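There are structures below to look over.
In the two complexes that follow, chain A is the common piece, with chain B as its partner first and chain C second.
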Partner chain A sequence: MESVKTIIRNNKAAWQQVEDNVIVVTSQTRKMHILEGVGGRIWQLLENPMSRNELIEKIQIEYDAPPWQIQEDIDNFLKELSEKLIIKING
Partner chain B sequence: MQTIWSKVKADLKQKAIPIDVVLELTRKCNLSCCHCYNFKDNAELSFVQVKDIARQLRQAGTLFLSLTGGEIFTKADIFEICFYLRQSCFALSIFTNGTLINQSNIKIIRELDLNEVGISIQGAIAKTHDKIVGCQGAFAKSINAIKLLKNAQIPVNLKCTLMQDNFAEYHDLIKLASELGVPYIIDPVVSPKDDGSKDVLAHRLDEKQLFDFYQNELLEQNSFMQKKEEDPDADFSCPAGTVMASISAKGDVYPCIQLPKKLGNVFDTDFRGIWENSKFLTELREKTNIPACRNCRLAAYCTRCPGLAYLEDGNAFGISSIACINAAVYEKIVKQETLNK
Partner chain C sequence: MKNRESQVMDLLIGGIYIKIKSNNSYFLRKTADEFKSFVLENKTSDYFLIEVIDDYIPKEIDAISVKRKDSVFKAQADEFIASIDLGKKIAKVHVADLAGVFNCFLRVFYSIVLLDNNGFLVHAAGLSFQGKGYVFSGASESGKTTTARMAQDCKVFSDELVLIRQINKHNFIYSTPFHGEFEGDILSDCVDLEALAFLSKDIPRGYKRLSKIEIFTSLMVNIFFFSWDDESNQKLINLVSCIGESQSGYKVDLFNYDIRRVINGISKNNNSQ
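Right, the complex of A and B next:
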């Protein structure tokens, strides 16, 4: 995951912010996904494509947690989003 | 991630966020269905107006947007509109009669990544369908549209209003959907016209036909009846005006396409202002118990729709005569099933 160059939203996904959550409907699967809390924030930050490291830096500024934990959580989360076609990771 | 959907749904309802909106693009139609509820004034929204509405709906929290008519493909700029709405991040569905979908535009429709396409089919054979929709050759075109959509892997379903005119083909309609390999939605509700006229109600099924329909379709799969039996005091809550809204081809805001009570117009007042300040909506959201229905012995079987109560009986907060008829039919079915057991 460290070698990831750019993370971009699936630009064909439909989505809407509902309070602190983001509801995303992927065009390929027509499945609905709910991104809670930090997940919703990550979606917001990805309005502009960015690298994994940039994303981690931004989350570290906003959330109070050990850096290693933020990195691990974000890596796992990005992997999940990528598998669900919510984002695209360019290596 | 899905586990919190119930919490989000509760939030949407509590905060009255209109996540699901039906947008009537045009009232122009190339067919003349005998049971159509729509005004015949050819009103339609321009692309500029649709853009304005899209902006307002994004701000209000809408995600699911369904386009309906009239017939939406009679609009020359329908594809520009659809692409714009998709780029605006709406999950888009369309309702159409399918007659204007063909080999030359199916690729464009595929690129829209639609959530769902609903195609109206009003008979299992051309003779019946074409008579109901008032256009010879319509059946062949609509069936062809379903096949094209299915082949293009676009989610499509067959929608039918079951009425006197096609009741005899009820089972064949299900067979047709199965042969086409698509889901079907068969609805026995013929609504009064939006202008208040009730002539179209002559097409409605009689009680015997309703009994046959519900017995076949609902008894095996409808969890609603079980729920109501467990909790006969369950309220008559409806998503209209809470998480669901409708905007007409003139920009009028309604709680639901089936509840054409004008709340305001998006070209006079911002949608959010209408949605948040309507006295009618406040009453609709709060008044989930209908006093006149409170002690009704059929309450456990009732599927009352405030829109039909409004259109047919003149009061969205009063008794719905068609709901009473349906509830009596439900009760009869349940009692008969109980005796059979």
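Right, the complex of A and C next:
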């Protein structure tokens, strides 16, 4: 995951912010995905494509957790979003 | 005996006027009887024309499918195939000559057309009590028909699919001819929506107020929806979000609590917020 160049939102996906959550619906999966808390924040940050490292830096500034924990959580989360076709990972 | 000359009849459902054209006079008579409360008398010039042709041979299809290209939707089910042009407000449907097929098509038709009119159909029992609308939503076997049957002193709007629209930032509930096993009369009607309720069990006091995200997700999973293209998805979640933001929502237990008590509790809770 460290070699990942750019993370891009699925810009065709329908989405909506509801309280602290982001709801994403993709026509490919026909499912509603709820991105809670940090997940919703990651979706917001990905409004502009960015690298994994940039994303981790931004989350580290905003959230109080050990860097290794943030990196591991973000890598797992990005993998999950990619499998659900919510984001595309280039690189 | 079929009369091959085209005839028309007019229906008004959810504030949307449709003109049904068919050359089968028996079909039109049967439809007029089935939808009698929704037959329109004061006609307007703004209508959606649906041409019905009863020549479809039923085919086994896994699920209802809807595909979109620009403003044209193609819908297919076991017993009908249809093209619905939202831009031209014209639909053409080939139906199998079987009972209930046109009703089934109209449900799909409205699920598409309503999105362009700030509305949707939701799996729910709809009730009007003292001029206020209550939606009791839930999946199959959740108790919608039982709710409608229990609702004395209430007008029943449906026991299966209720229509919700937002007009000028106000939410309204409309009755529909799309019902389940409820035996009573369902008349054409529309009232302000007072609360969205989701049928559940084991709720202390019989009702529990929901957060906005709980309202959103509970409503989304119960909406009657087949058009999974990106544009329709975005329209739907924007609308559900607007309605969820402006409307109170509750989880309710009508298995263990009296419906009037729950409605009174919801109404008091709404007034105290």
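Convention: the second predicted complex is superposed on the first by the 91 of 91 C-alpha atoms of A that agree within 3 Å, B and C clash if a C-alpha of one lies under 4 Å from a C-alpha of the other, contacts with A are read in each partner's own complex, and residues count from 1 in each chain.
Criterion: contacts are C-beta pairs under 8 Å (C-beta built on N, C-alpha and C of every residue); 3 or more make two chains touch, one makes a residue touch a chain.
Keep in mind that what you see is a predicted model, and the values were worked out from it rather than measured.
Peer 1: With the two structures overlaid on chain A, would chain B and chain C clash, or do they fit side by side?
Peer 2: The answer is clash.
Peer 1: Quick one: classify A:Arg52 as touching chain B (first), chain C (second), both or neither.
Peer 2: A:Arg52: touches no partner chain.
Peer 1: Of chain B and chain C, which one contacts the greater number of residues in chain A?
Peer 2: B
Peer 1: Using the superposition on chain A described above, determine whether A:Leu35 touches chain B (first), chain C (second), both, or neither.
Peer 2: Touch status of A:Leu35: first partner only.
Peer 1: Scan A:Ala13 for contacts with chain B and chain C and give back first, second, both or neither.
Peer 2: A:Ala13 sits against chain B and chain C alike.
Peer 1: Can you give me the overlap between the chain B contact set and the chain C contact set on chain A?
Peer 2: Residues 12-16, 18-19, 21, 23, 25, 27, 30, 32, 34 of chain A touch both chain B and chain C.
Peer 1: Over in the complex, which chain C residues touch chain A? Could you list them?
Peer 2: 211-213, 216-217, 220-221, 228-230, 233-234, 236-238, 240-241, 244
Peer 1: For chain A, which residues are in contact with chain B within the complex?
Peer 2: For this pair, the touching residues of chain A are 12-19, 21, 23, 25, 27-28, 30, 32-36, 39, 80.
Peer 1: Hey, which residues of chain A end up touching chain C in the complex?
Peer 2: 12-16, 18-19, 21, 23, 25-27, 30, 32, 34
Peer 1: Spell out the part of chain B that touches chain A in their complex, as residue ranges.
Peer 2: It comes out as residues 1-2, 4-5, 8, 11-12, 15, 17, 19, 58, 61-63, 86, 89-92, 113, 115-116, 155.
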